[in-house]
Structure formats: structure tokens, C-alpha cells
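Two complexes follow with subunit A in common, the first pairing it with subunit B and the second with subunit C.
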Partner chain A sequence: MTVTLAVLLAAGFVFTAGIAAGSANLGLLDVLGTLAGAGTRASEFIVYELRLPRAAAGLAVGLCLGLAGALTQTFSRNPLATPDILGVTSGASAGAVTAIVLGGGGYSVGASLLGFGIPVVATVGGLAAAAAVYGLAWKGGVDSYRIVLIGIGVTASLGGLTSYLVVRAQLTQATAATQWLVGSLSGVSWASVWPMVAALVVVAPIALAQSGPLGISQLGDDVAVGLGVPLQRHRLVVIAAAVLLTAAAVSAAGPVEFVAFVAPQVARRLAGAGRPPLLASALVGAVLVLIADVVARTAFTGEIPVGILTAIIGAPYLIWLLIHRKGGTL
Partner chain B sequence: MNPALHAEDLTLGYDRTVVLDHLDLAIESGTVTTLIGANGCGKSTLLKAFGRLLAPTAGTVRLDGTPLSALSTREIARRLAVLPQRPLTPAATSVRDLVMRGRHPHQSLLRPWTPGDADKVAAAMSATGVADIAHRDVNELSGGQLQRAWIALVLAQETSTILLDEPTTFLDLAHQLDVLRLVRTINAERGSTIVMVLHDLSLAARFSDRLVVLHDGGVLADGGPWDVLTPGVLRVAFGLDADVIPDPRTGTPLVVPLEPSPPAAPAEARADELQTVA
Partner chain C sequence: MTTFGVLTVALLVTLAASLFLGSNPVSPATVLQALLDPATDTEAIVWGSRVPRTVLGLLVGTALGMAGTVMQGQTGNPLADPGLFGVSAGASLAVVLGVFVLHVNSLGLTLALSLVGAVIASVVVFGVAALGRDLASPVPLAIAGTAVSALLGAVTSFLVLNDAETLEAYRIWVVGSLSGRSLAEVGPVVLLLAGGLVCALVNARSLNNLALGSEMARGLGESLTRARLVGLGAITFLTAGAVALAGPIGFIGLTAPHVGRALVGGDHYRLLPASALVGAVTLLACDVVGRLIGGQAEVAVGVVLAVLGGVAFVVIVRRAKLAVL
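Right after this comes the complex of A and B.
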């Protein structure tokens, strides 16, 4: 509980600091004042038009991916299982890259795909791939081990398709596709934030209500059923929640690397818990993406995509925690 | 009165293999029944079907007269508890946190944790002797302590029927006795119906009211320990030649396996024989 509160405060601070930092520097107090309605016209423009959509997007992407990661790792009882293995990320990537490459090349199919907008195509691709993984993994019920293996297979196939499209694309489209595939917040607007907010408002409460059954399913499938958990329904709800949250985040910002993997693991170690705490994982995800975005925008001449920095910042921190936190299990 | 559990014309299997074929078996309420038999005879499979962990290929399992298929998994969990052979020990979890999960079937969003639940958890922990180690991490416990903690979880579930799949595996003899005495105490004090799977025949005889021997897809023998553990049954069920003698302390059947016939001669004599053959 204290850990969740501490991470919440950290997220609030990084969020405000992220709005303050940039080429036209504002103080933290200016930002808070402007958000409270006491800003100048200039500061209002900077905060509401330039910085806030992006900070809100970073916050939402982090919350979505952190929560989705915690759900996936917990139901599969596997810390390496990110929502990526549910097929949603690779499906979204294949969809988005198809739209970019074929759309730019003037093929009629692609042009109409691009007409829908890349986020919509990415969402459809992600949900379709996740449905395929779930369907293929079904054998009188979905076994958590089986769905991971099927998911890896589907992800590899879609990855091949995506690579093929990038290799065959013209240079400008290939660059655009690669940019998208790294994960970036540079193109976001309020229009990209709302789907994530909707996903969080609808899905997060449902996901949090599965916390009890998730704890019990750590004792094995047989014990979970013995204790009255309707295992297949529970698993479907958890998978669907993880997929929807991931699809919302990926379609807004591309596959921002590593957040869904590292945020739950960091949250679990901070809390000293046996499994990733859901709310804290979401908040750690938000902190990670927001820090990475501030660094991406300010530390380099010429912005670099946030997806590169989430891995560069997140991985060493997890390793540091693993070395310095004594006691407890892996 | 309905039997606590009733298998009616029950066929069980995995994929296309049939393990138990058209089996009928009723478990009387308030008794300790142990399923025995050779490896692969289907005793764990039957226990899984009793605990709705395996859907029957054909036939019905009734719990207190009601078919399991007519009850939700949560309704079953309020009346029947299962301890599988190898439950997963959760990371960074105290004994108390583990036992608390036994209250899950009695909770809901509208009826969260109550002081009554805490009392039942405390009672389950003191009955199994783990109250003193309530705050220890389950990963630090010895095998015997851990098994007691799992049994405490099952007790906290407050069910009239308890299924235990090989509760003594991985335990030394002293701790096997410890767990089985606990099982008898639970049966005596709470009136619970207990069905378990055991491998040690003499221990099964000592701690059970009734033994059921499974063999070749069905029930080979069924009844009190002395009725069931006969040399003839042991030969068919296990391919084992054994004497069955009264345990000098408890009077229950003690299974003493014999050496393969003809009786082995002393080493010297065997060496002579070998030379003769050569």
C-alpha cells in the first residue's frame, strides 16, 4: 500500500516535471499554476496545446502497458510473459506497417487502410492476432503454458511478415515503419489519448477485480479450481483485459519496448510481494514511460523515440534491484 | 442419507485412453477412505473426478446427492476441498496468507473479508500446529511444516468433504505419521469425510476406515483393512507376494513383502551354484 502511494507520488511528480521540461522551460510551479487555471496566455498554450497531450499519452501508455504486463505475467505464472506473447503487439505492428507501406505505395488496399488511420488498423490487427492465439490455444480450455507457446509462434510469423514488408518498402516508408516499430510519443495528440483513457476506465476496474483469483491461481490450476475459481472464465477475462490495454497503448504510440516486462517486476520487488501488484505495476509503467519521454525530448539534440529509452532506463534499474534487494525470492 | 460422494457408472480417461471403466463407488459421510492400487491404476484419476478437476468421459459424480455438473465450481468449493499432489508453493507468501486463501469460496465483492473468516483461519492454523509459524515465508518451511500449512488451507475452507492426493509424499516416516494422525483428528473432531490416495499399504490400513483397491479399470476389493489386504488381492493388484500379519501394536494389517521365490539362498551357496552351472 505504501509502495503504491509512493509510486503514485512519483508518477505525479514526473508527469508535472515532464510538462515543465522542454525547449521553452517552465517551472514546476508555473505548470501547477497553469493547470489550476492561473497561467499566462503563453504558458497556457505551451501546457495545454504542446505538452499536456504528450504527457497524458505517456502516462496512459505506461499505465496500460504496466497493468497489461502484470496481468500477463501473473496469469501465466511466468515473469517473461509479456502481453507481446498474446500476439497483440505483433498483430498491431503487422497491421500498422501494412498500412504505412502499402498505403504510401499507392496500392488501393493499402490506401484504404491508411484512410482508416494507422491506429485503427493497428488495433484491428492486434485484436485479430490475439483472438487467433486464443483460438489456437483452445483445447477444451486454455492452458497458460500452451497459450505462451502458441503466442510465441504467432508472434514470430507476424514478425516475419512485418520484416518482409519493411524490406520491400521504399525508403521513406521503411523509415516511417521503423520509427513506428520502435515506439514513439512524438506524433500523439488528444485523439490518441482518449482510446487509452476509455480502455483504462472500462478495463482497469474489471482487471483489478480479478486480483483475488490471480493470487489463488499462483497455487496451481488444481488448487485454484478446488478453491472455486472458474478458471477458464477468469483466464479469458484476464487475457482480454491485457489484450485491450496493450492494443490501446500500441495503437497510440507503437510497441514501446520493455515497459510491460520491466514495470511489473520492478513493482513486485519494491513491494516485496510474491506476484506483481496490479496498481503499482501500472504506476511504475507510467513513471518509466514519462521519465524516458523527458529524457528523449531534452537530453539529445534531435529527439529520439521513447521506446529506445524505456529499455535503456528500465533494464539497468531492474538489474540494480535484483542485486541490491536482499531476501525474498527471484 | 445420501453418500458424501457417489460415482455412478463412471468412466474416466485422458484423450482416448480409458483409465476407469463403468465404476460405481459410494463414499459414506464421516468416514476415512483410502484409494490404493498400483501406479497407473487410476486412483489419482478417480480423486480428480471426485474433485471436479477431471470431467468424466461418461457417468456422474454426486456430491451429497447432487450431480457435480449441476453445481457451480464455487458452490462445490464450499462443500468439498481438494489438496492435489503437487500444489505450487507461491513466492514471498506467509503461512497465514496461504491459509487465508482457503476462505476464497466464502467471499465475494459483496461479502469481503470478515472477522469470522479470520477466526476460521486461526482455528485451522492451530488445529494443524502452524499457528506459531504463521508469519514465516512458506518457502522457508520444512516439508512437514509445509504440508501442515497446505492442510490448514484446506481446513480453512470449512468443507464437509476433503480429498487428499498422496498427502505423505516427500515426507519422512515420522512426518508421514504426523500428517495421517492429523487426518484422523480432523475426521474425529470435525466429522469430515476424507478420501485420500496413499502408497504405503500398512499406513493406509492403520489410518483408514475403509480401503478401496483399484485394478484393471475397476474396483478389485473394497471394505475394512482386514477384508481388503489379503495375499490374494496383493498378488493381483500389485503382482506382489506378501504376508499380511497383525501389527503388534495396533492390530491393523501389516504387509510384509516376501522375497521372490524360490527363497534366496545365502551368498556362499549361490556362489557354489554358479560354479556348478558353469
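Right after this comes the complex of A and C.
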């Protein structure tokens, strides 16, 4: 509980500091004042039009991916199982890269498709791929081991298609595609934040309510059924929650790498728990993405995609935790 | 016929297909003549291209199938692939650094760089896991490997996105391909692969014991540190060799062990050779398909492998009674 509160405070601080930091410098108090409605016209413009959409997007992406990662790692009882294995990320990537490569080449549709179409295509691709994984894994019920293996196969196929497109594309489109595939917050606006907010408002409470059954199902399928967990329904709810959260995040910012893996692992070690705590994982995800985005915006002359910095910041921290803290078995 | 009989026949068929089929139509009689008498191979298609490619496919497929089996046995994790300990990411970064900083464009040097990168990365991963606690539990190894791989991958993306020339070289290398190597370049790597092969086979008994859990393995008199070190040696040598020769081909090491397990069960004395055969057959078959569907512009084997292999793997997983790892 204390850990969750501490991470919540950290998220609030990084969120505010993220709004304050940038080429036109505002103080933390200016930001808080403006948010409370006591800003100047200039500070209102900077905060509401320029900085807040991006900070909100970073916050939402981190929450979505952190929570989704905690859900998949827990239900599959495998720390390496990120939402990626449900096919949602590779489906979204394949959709988006197809749109970039084919749409970018046809000058008639290019610009409008790139601006508006990619999030839509990515969402459709991600959801379709996840539905395919779930359907293919169904054999009188979904077994968590089988769905992981099916996910590997589907992810590989879609990944192969994506890299084929990248290799065959013109260099400019290949660069655009590679940039999208790394994940970035630079293009976000309020329009890309709302779907994530909607996903979080609807899905997060449902997901958090599955915490109890998730804990029981750690003991194995037989024990869970014996203790009265409706296993197939529980599993479907968990998977659907993870898929929706991931699809919302990926279609807004691209596949921001590593957050869904590292946030639950860090949260679990901070809390000293046997499995990733759901709420704390989401908050750690938010802190990581927000820090990465501030660094991406301010520390380099050219802008670095946030997906690179989540790994550069998150990986050493996890390694440090690995060396200095002993965790449970998951 | 036994499973191994079927797999061996399949390997012979794909080897033949790899020698006789290609994007340049050469009649089977000409190929056969050139094979028997290299002097008649005037256009150097057979000895210059088909034979090195076939040898490469055999070596890389075998290596990745085995490395994946050792990796999954060591970590007890069905999602573990041979690149999990940072080997592929380390090799990729070394190659990109080579192009970016040193402007390397010779194949031999690229090969050497990727070997060095691979070995350094896996040593770092093992060091992190060893610093944290004793090596009994496989989980910290897997997590340390994922973290280090992601870090190296991020640095690679950083370099690649900032330099069009490097991106151009990287995006082709990273897909994985069997073409463009000569037998002379393959030679030194064979030694490395042979070392890995021996380590893997020596590790088979330990892997069988580890499958029962670390505690049980210790109870059976297994030295866990030794078992882990031998396994790490096998994984690093086999994967580093394969990545150096063909680029980071990811899919085979991840899936061949699952197919092998569905065919022969979990005993590593049978599983290691079976996965090796599955790996070699899959890689060679996909390479042949890639040559045939692309016309003169061949489709890289990594792409065919992921697309077709992914579909085939889904079918197998749906049909098979899964032996849980």
C-alpha cells in the first residue's frame, strides 16, 4: 500500500514536472497555478495546448501498458509474457506499417491517411490479431500455455510481414515505419488521448476486480476451479482487458517497447510481492513513460522516440533491482 | 518408421531441394555434374551460391534448434529463445556500431564484430544474474537477459534512427539471410558451432535433471553452477555462430524445441537431436521457398520463416497434445 502511494506521488510529480519542462520554461508552481485556473494567457496556451496533451498521453500510455503487462504476466504465470504475446502489438504494427508503406506511396491518399488513418488501422489490426490468437487457442476452453504458443506463431507471422514491408519500402517510408515501430509521443493530440482514457475508465476497474481470482489462479488451474473461480470467464476477462488497454496505447503512440515487461517486474520488486501488484504496475508504467518523455524532449537536440528511452532508463533500473533485491519466484 | 527416420528423410529432401532449386534455373543434370566435378561449374552458381547456402542453412538451423532447446531447458520457460541472454541484441549492436563508427563493409569483419558483441552481451547477462543471487533459479537469468537485450536494442535503434546509411545496412541485415556467404567465411565459425554442440550434448543430463526443478536437480547431485555454465556456453557459442553467419533469425530457436517436444517428448537426449533436425529442415525449406517465390529478387529467409513458419507452428500447436515444459 505504501509502495502504491509512493509511486502515485512520484507519478504526480513527474506529470507536473513534465508539463513544466520544455523550451519555454515554466516553474512547477506556474503549472499548478495554471491548472487551477490562475494562469496568464501565455501560460494557459503553453500548458493546455502544448504540454498537457502530451503529458496526458504519456500518463495514459504508461498506465495502459503497465496494467496490461501485469495482467498478462500474472495470468500466464510467466514474467516474459507481455501483451505482445496476445498478438495485439504485432497486429497493430502490421496494420500501421501497411498503412505507412502503401498509403505513403500513393500520393492521393498519403497525407490524410497518415494523419488520421494510422491509429484506426492499428487498432483494427491489433484487435483482429488478438481475436485470432484467442480463437486459434480455443480448444474447449483456453489453456494459458497453449495461448502463449499460439501467440508466438501469430506474432512471428505478422512480424515477418512487417519486416518484409520495411525491407521492400522506399527508404523514406522505411524510416517512417521504423520510427513508428519504436513508439513515440511526438505526434499526439487530445484526439489520441481520449480513446486511452475511455479504455482506462471502462477496463481498469474490471481488471482490478480480477485481482482476487488472479491470485488464486497462481496456484494452478485445478486449485482455481476447485476454489470456485469460473476459470474460462476469468481468463477471457483478463485477456480482453489486456488487449483493449494495449490496443489503445499502441494505436496512440506506437509500440512503446519494454514498459509492459519492466513496469510489473519493478512494481513486484518494490512491493516485495509474489506477483505483480496491478495498480502499482500501472503507476510504475506511467512514471517510466513520463520520465522517458521528458528526457526525450529536453536532453537531446533532435527528438528521440520515447520507446528507446523507456528501455534505456527502465532496463538499468530493473538490473539494479535484480542485483540488490531478492524477489519471489515469478 | 521412427520419428528420427522421418526427420532424417525430410532433411535429405530439403538438402537436395536446396541444391537443385533456385532463382536461377539450372537443369538438375548440370547441377549434378557441377557437384561431382567443380571444374564444370562455369557460372559458379552451384559452388559459388547453392552449396554455401545449403551448408549455411544446415549449420544455422541445427545450431538454433539446439540453442533454443538448451535455453528453454535452462530457463524452464516456453517463451525463451536463443537470443534471450542478449546474444542477438549484442551482435546487432556490434554490427551497427561497426557500420556507424568504423564504416565497416566487409563481410568478414561484420562476422567478427557480431561474434564479439554476442559473447560480451551474454557474459554481462550472466554476471547480472550471478551478482543478484545464486544461479539456482532460472527466473532472474531470464529477466536480466530481457533487460539487457532491451537496453542493447534501444541503443541500436537510437543509432539506426539517426543515420540513414546505418539504417540501410541494418534493416537488411536484421531480417536474416543465408545468401552472400562463401565457404571460406563459414570455416572458422564451424569450430565455434562444434564447441557449442558438444556443450549442448554434455548438458543433456543436467537439462533432464533441471526439468524436475532446481531443488530436485541439486538433490540428484547436480552442480547447478556447472550445469548453468555449460548451458550458457552451448547457448552462446551456437547462437553467436548462427547470428554471425545469417543475422538474427529469431523464429527457429523459439519454435523448433516445441515441435521437437511434440514429436519425441521431453527427454533431452532425444529432444536435442530432434530439435536440431527440425531447425535445419525448417530453415532450408523456408530458404528454398524464399528463392522460388521472389523471382530474381529473392525474399529473405527470415521473412519466409516468420510468415510461413508462424502459420505452420500455429497449426502444429493446435493439433499436438502439448507436453508442458
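Just so we're on the same page, the second predicted complex is superposed on the first by the 315 of 330 C-alpha atoms of A that agree within 3 Å, B and C clash if a C-alpha of one lies under 4 Å from a C-alpha of the other, contacts with A are read in each partner's own complex, and residues count from 1 in each chain.
Here, a contact is a pair of C-beta atoms (placed from the backbone, for glycine too) under 8 Å apart; a residue touches a chain by one contact, two chains touch by 3 or more.
Quick caveat: nothing in here was measured; it's all calculated off a predicted structure.
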item: Subunit A as common anchor, with subunit B and subunit C clashing or fitting; value: fit
item: Subunit B versus subunit C as contact partner of A:Leu208, first or second or both or neither; value: neither
item: Subunit B, subunit C and vertex subunit A (Cα centres) - angle in steps of 10°; value: 70
item: Partner chain in contact with A:Ala131 - subunit B first, subunit C second, else both or neither; value: neither
item: Which of subunit B and subunit C A:Gly160 touches, first, second, both or neither; value: second
item: First (subunit B), second (subunit C), both or neither touched by A:Gly272; value: first
item: Subunit B versus subunit C as contact partner of A:Asp222, first or second or both or neither; value: first
item: First (subunit B), second (subunit C), both or neither touched by A:Val120; value: neither
item: A:Pro316 touches, of subunit B and subunit C: first, second, both or neither?; value: second
item: When both partners are placed on the shared chain, which of subunit B and subunit C touches more of subunit A; value: C
item: Subunit B versus subunit C as contact partner of A:Arg77, first or second or both or neither; value: first
item: Shortest span in Å between Cα atoms of subunit B and of subunit C, once chain A is used as the common reference; value: 9
item: Subunit C-contacting residues of subunit A that also contact subunit B; value: 329-330
item: Footprint of subunit A on subunit B - complex, ascending; value: 48, 51-53, 72-78, 81-84, 86-88, 90-93, 98, 101-102, 104-105, 107, 109, 139, 157
item: Of all residues in subunit A, those that touch subunit B in their complex; value: 77, 209, 212-213, 215-216, 218-220, 222-223, 225-231, 272-275, 328-330
item: In the complex with subunit C, residue positions of subunit A that touch it; value: 78-81, 85, 136, 139, 143, 145-146, 148-150, 152-161, 163-164, 166-167, 171, 174-175, 178-179, 182, 257-258, 261-262, 265, 302, 304-305, 307-312, 314-316, 318-319, 322-324, 326-327, 329-330
item: Subunit C residues within the subunit A interface of the complex; value: 77-80, 84, 128-129, 131-133, 137, 139-140, 142-144, 146-148, 150-151, 153-155, 157-158, 160-162, 164, 167-168, 171-172, 174-175, 250-251, 254-255, 258, 299-300, 302-314, 317-318, 322, 324-325
